[in-house]
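Next come two complexes built around chain A: one with chain B, the other with chain C.
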Partner chain A sequence: MSDTAADPRLLRAPPKRGIRLSWADERFRSIIWQILVVGVVVGIVWWLVRNTAHNLEVRRIATGWGFLSREAGLPVAESLIPYSPTDTYARALMVGVLNTLKIAVVGVVVATILGTMVGIARLSKNWLLSRIAAAYIEVVRDLPLLLQLLFWYAILQGLPAPRQALHPVEGVFLSNRGLKLPWIQWQDAHSFALLGLILGIVGAVFYARSARAKQMADGQPRKVWPVAAGLVLGLPVLIWAGLGAPWQGDIPALRGFNFQGGLTITPEYFALLIGLVMYTAAFIAEIVRAGILSVAKGQWEAAEALGLQRGRILRMIVLPQALRVIVPPMTSQYLNLTKNSSLAVAIGYQDIVSISNTTLNQTGQAIEGIAIIMVVYLTISLSISLFMNWYNARIALVER
Partner chain B sequence: MSTTMDPAGAAPHLASAARTDAPPAIVLDKVNKWYGSMHVLRDVTLSVATGERVVVCGPSGSGKSTMIRCINRLEQHQEGRIIVDNMELTDDTRSLDAIRREVGMVFQSFNLFPHLTILENCTLAPIWVRHMPKKEADELAMHYLSRVKIPEQANKYPGQLSGGQQQRVAIARALCMKPKIMLFDEPTSALDPEMIKEVLDTMVGLAEDGMTMVCVTHEMGFARQVADRVVFMDRGEIVESGVPEQLFNDPKTDRLKTFLSQILRGH
Partner chain C sequence: MKPMRLSTFRALGAAALATALAAPAMAQQPAQNAATMDAVKSRGTLSCGVNTGLAGFAQPDSQGRWQGFDVEYCRALAVALFNDASKVRYVPTTAQNRFTALQSGEIDVLPRNTTATLSRDTSLGLDFPAINFYDGQGFMVKASLGVKSAKELDGATVCVQPGTTTEQNLTDWFRASNLKFTPVIIERLEELVSAYVAGRCDAYTTDVSGLAATRSAQPNPGEHVILPEVISKEPLGPSVRHGDQRWADLVRWTHNVLVAAEELGISSKNVDQAVANDQRPEAQRLLGKTGGLGQMLGVSDAWAVNVIKAVGNYGEIFEKHLTPLGIQRGPNAQWTQGGLQYSPPFR
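And then the complex of A and B:
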């Protein structure tokens, strides 16, 4: 055997296989089936479009998007942007989209935190803790979400009226009008402090990176967290204090039959958030548990035998391997939470479904209304999918 | 035994590197351990001298893996004392960290970190435990990877390597911590026959350098060539121990006779 000889496995190419025009040929059969399926799908779509157009014509229903610029006359209880019933349908729908995003974004973040904690608790060696976590998961994921939303809404509706509101701490009121929290009168100093917080976080990340690089160079580990905490907390506080430390509280107070001032979380939003978060967190907990269990015990043992500390093993060995199992099903849960938020309509939280429904009832433009709902959910869902797929590709295990 | 036994068995026995003048590297004094009500280690007493090479054999379930795993506290003993490198193993995490830095371990299932390259597998502990600069850790890792004869695989991932190569990386990874003692827990049991020899050769090389070794294995050829002492365990206790020739050719107890006839018949 000489070293220069070509690899004998590359010398002969595999034989090419032709296709036989016979039902007994698997490849011929599969092509025929595909042609049939495409034909059926095209036929169904053509029939649906033609049927819709015909029915609209017979019933003399106008189509088009002109209604968007008409006055909505539609009251909305809570909105992130200024809105009144004299505004247009377009603006009302925008309010709905923002309300959907408000529940989806907050819900995903809180459900992830709660789910991770419950998942780890279920793996805990503490008997009571793991039992409580298991009971929570079993009860919550076995009951329909709609039932749970109605349950939480009923509980919040059962709270006392504003005059008898629960009042645990100064400035905090819990009543059937929702949760009232103290807030501050926003001034420029607060905006600058917020900017300082962002700068502090960026600075902390850079500091951690440079500390890591320095350790790689000279081997000496550096304590990162005191400096990082100083940057993240200290910078905004310094800026705020430097600008005179303005602190005018916007404390809610009872005026007549309701509260004035402060930050309001409505009972509808609160019930929807609790319901969605509790429900989704149960599924996330199981995903997190499966992810951690998917890392073989031998990985812990090998790392321990090398003298590595537990926290470092978790961060550098276990988590990177667990995440590859956790992230794909987590994406599904985020999508579920977002889409399940449409159940808001049952308890009167005005999300995009609720406002679109009202719009199509008032204008009769059902196709446009449904199309708007579909486009909004598709856009949100595809955005989540794209982001999570990007994240998954980034952390994916390069094994071979 | 297996096909690997004959060449190894024919090789002359390595000169002992055991140093009787130095304090013993490992002392197990009446160690007892239970799994539930199962008494898996029964009054195990064993002293390993610095530079000594001890092979532990015995039927499965005899407690040999449990014993070796107690030495770096992957398992906790419940009674008795274990002293490693003059430090007693206690609940104190500081002594545990110190001992784990001095004791390297090689597992039956390799346990390489699949998401790190071969080089990163080897440099992880030197960087984070020994606080070594990365450049120095890289050089150290390449040195030991050359020693186990796979420096060219440094930038691959464990999944791209054969079993024998992975086990040699696992040995290099442990050596990068410059341990005083190496523990081997059935290092060749998960390997195909043609890969056993490359791993055993690496271990023989280590023995030639005077490393203190405790090795759980059924490779009797390796035991004959390398071991200063063979310890036979059965049902959680040490039944017999002695130099390999004496133990294999002239077993005193029926249990060892039965065990030897079984493993010889199996091959």
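And then the complex of A and C:
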């Protein structure tokens, strides 16, 4: 058989099949069905929109986005950007979005760390440790999240009043008003130093990559950490010192009713964070356990035969393979945590749902308010999904 | 192939059915809006939006029956329509969902200590036919704090419900007084009050009547003081959907019956006597003996007598529900006593 001659069957033109306008023609039928289904869906949506617009008109409920530029007049307890009640609704909603991100980002990171540790502990050969992990997972997973949030909030309210605050270290106060920590008075030099830190991390990553590429080329291992440490720590310190090394402590002190100055972690934020992290970590622990168990026993045995320690086997051989099983369900947990943060309303943490609810209550524009909440969650959730899918593709088994 | 085609059929059928079911239901909404009274009459019960639980205004008692100042207005309306105070479906509403409940038609009327304001009257699509309680916003603190005036609250943490005029008054007042505060904002009243009691906040702010109600519900009311400053006007009253004048008229004049009855000295105890003996023309018109005023509103002429018999006059309602909380008549006295409660003539 010659390999230049093509299979004559491939050269032949495919049989031409015209669509017959007959119910007996399968393709004709399927097209008709598709047109019908799309038509019905479009019709329902159109009817819903028209009906809503008509009802709003009849009830004389205001519509449109004009309210966004009006003065909000609503107080917000904690905000990442400067905010006062004289600002607009748009800015108040922005504060809400940032508060949601603040809980979601921190929550995802902490829940991942805690969940991974608990998941590994569950598989530990130490009887007590694995039982404690199992009990934690079973209890936390089975109780409604809202109940847990109220529980943590009630516990934090049981802390002493500001005047009797717990005072373990100078400048640190724990009371029912939250945790007060000393902080520095933020100046431009600090912002530049922070920028330097980010640049340092980026530089260190690039340096590590090039060192690895060189090692691949000549087989010589290179020490990465001295340069990396210099970049990550040295650069910001150098910038800070170069700008005059400003250092003014902002120590919280009891003045009047409350502590003034310093950094505050409010009971609302803290209760929400503990609640979300504890709850989600229990699910993540089970995912991690499943991932580790999915790696064949032979891998452990082979690594043990090479004389590796258990911790190292886990870190360098088992976990990288387990990640392929772990990452896809983990995405769902991150999405859950983000969406569950909307329960913040119950314990008075002002996330986007809380602020949007107040906005729609004051302006009466429920449809716009709900639309904002939906867009915000959709954007955050799609971003998480995109990132996790990218990461999943990156760690996927490369088959050669 | 076969099962798939079947499921397509089913999906289409379900969609068509859903459309058929939803269409008439939605189409009748605007019509219902124009004739709430007919809708209530044909339904046989009044859907009345009340507070989730505020002592003195609306709260279920130990037998689960709703009791309170606002609840009496639900009952009075049910009596005006059906001569039966029990024909009410009480819908507990929060500060945040109350207006949506009214706008969407889930409730017919909202007597839920709600402040009448211009923007609620216009952009929210509501009407406030009557003001049944003149209130003002105040602050409550723990007596142990030693605070004597709201002006001393600089830097305080204040518990407040979101989505209320209270929330906006609070920021306005602190700004105008050049004081700072930290808000703690919780939607459910029970959670909010427990945060205040637990000491999460230094002060709790709402209408003075609400403060009195909350204080009276505490195990030791003496531990809490209501500060003397009243920082806002809060005219509270039942609200209805905008654009249904007949329904608004009935709500307005049911309130006026209660006020006029007190002014004329007619109470639930002597109303039968008054029907028999009272010769004053205004009383005769109110009690439906002359004038045919009930017919004009679309209810029976005996409606006022029935309402007074069932719930009493304004003063009786006030004494039954609000006086025990330590709330004075103050601006809610009759106009003849120097107060603001004033009924236009029954004529």
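As a working rule, the second predicted complex is superposed on the first by the 282 of 400 C-alpha atoms of A that agree within 3 Å, B and C clash if a C-alpha of one lies under 4 Å from a C-alpha of the other, contacts with A are read in each partner's own complex, and residues count from 1 in each chain.
One rule holds in what follows: contacts are C-beta pairs under 8 Å (C-beta built on N, C-alpha and C of every residue); 3 or more make two chains touch, one makes a residue touch a chain.
Since the model is a prediction, treat every value here as computed from it, not as a measurement.
In the superposed model, A:Q299 lies in contact with chain B only, and not with chain C. Of the two partner chains placed by superposition, only chain C is touched by A:A161; chain B is not.
In the overlay built on the shared chain, the residue A:Q362 is in contact with chain C alone; chain B does not reach it. Contact with neither chain B nor chain C is seen for A:R289 once the two complexes are overlaid on the shared chain. Once chain A of one complex is fitted onto chain A of the other, the partner contacts of A:K180 are absent, as it touches neither chain B nor chain C. Listed in rising order, the residues of chain A touching chain B in the complex are 215-221, 296, 298-299, 301-309, 312, 316-317, 320-321, 397-400.
Within the complex formed with chain C, the residues of chain A that make contact are 33, 36-37, 40-41, 43-44, 47, 51, 54-55, 58-62, 73-77, 85-86, 150, 154, 157-158, 161, 176-177, 255-258, 260, 267-268, 345-348, 350, 354, 357-358, 361-366.
Those residues of chain B that touch chain A in the complex are listed here as 72, 74, 97, 100-101, 103-105, 107, 109, 111-115, 124-125, 127-136, 157-160, 170, 173-174, 177. Looking at the complex, you find that chain C touches chain A at residues 8, 11-12, 15-16, 19, 23, 26, 29-30, 33, 95-96, 99-100, 103, 119-120, 122-125, 145, 153-157, 160, 162-163, 167-168, 170-172, 175, 181-188, 191-192, 194-195, 198-200, 202, 241-243.
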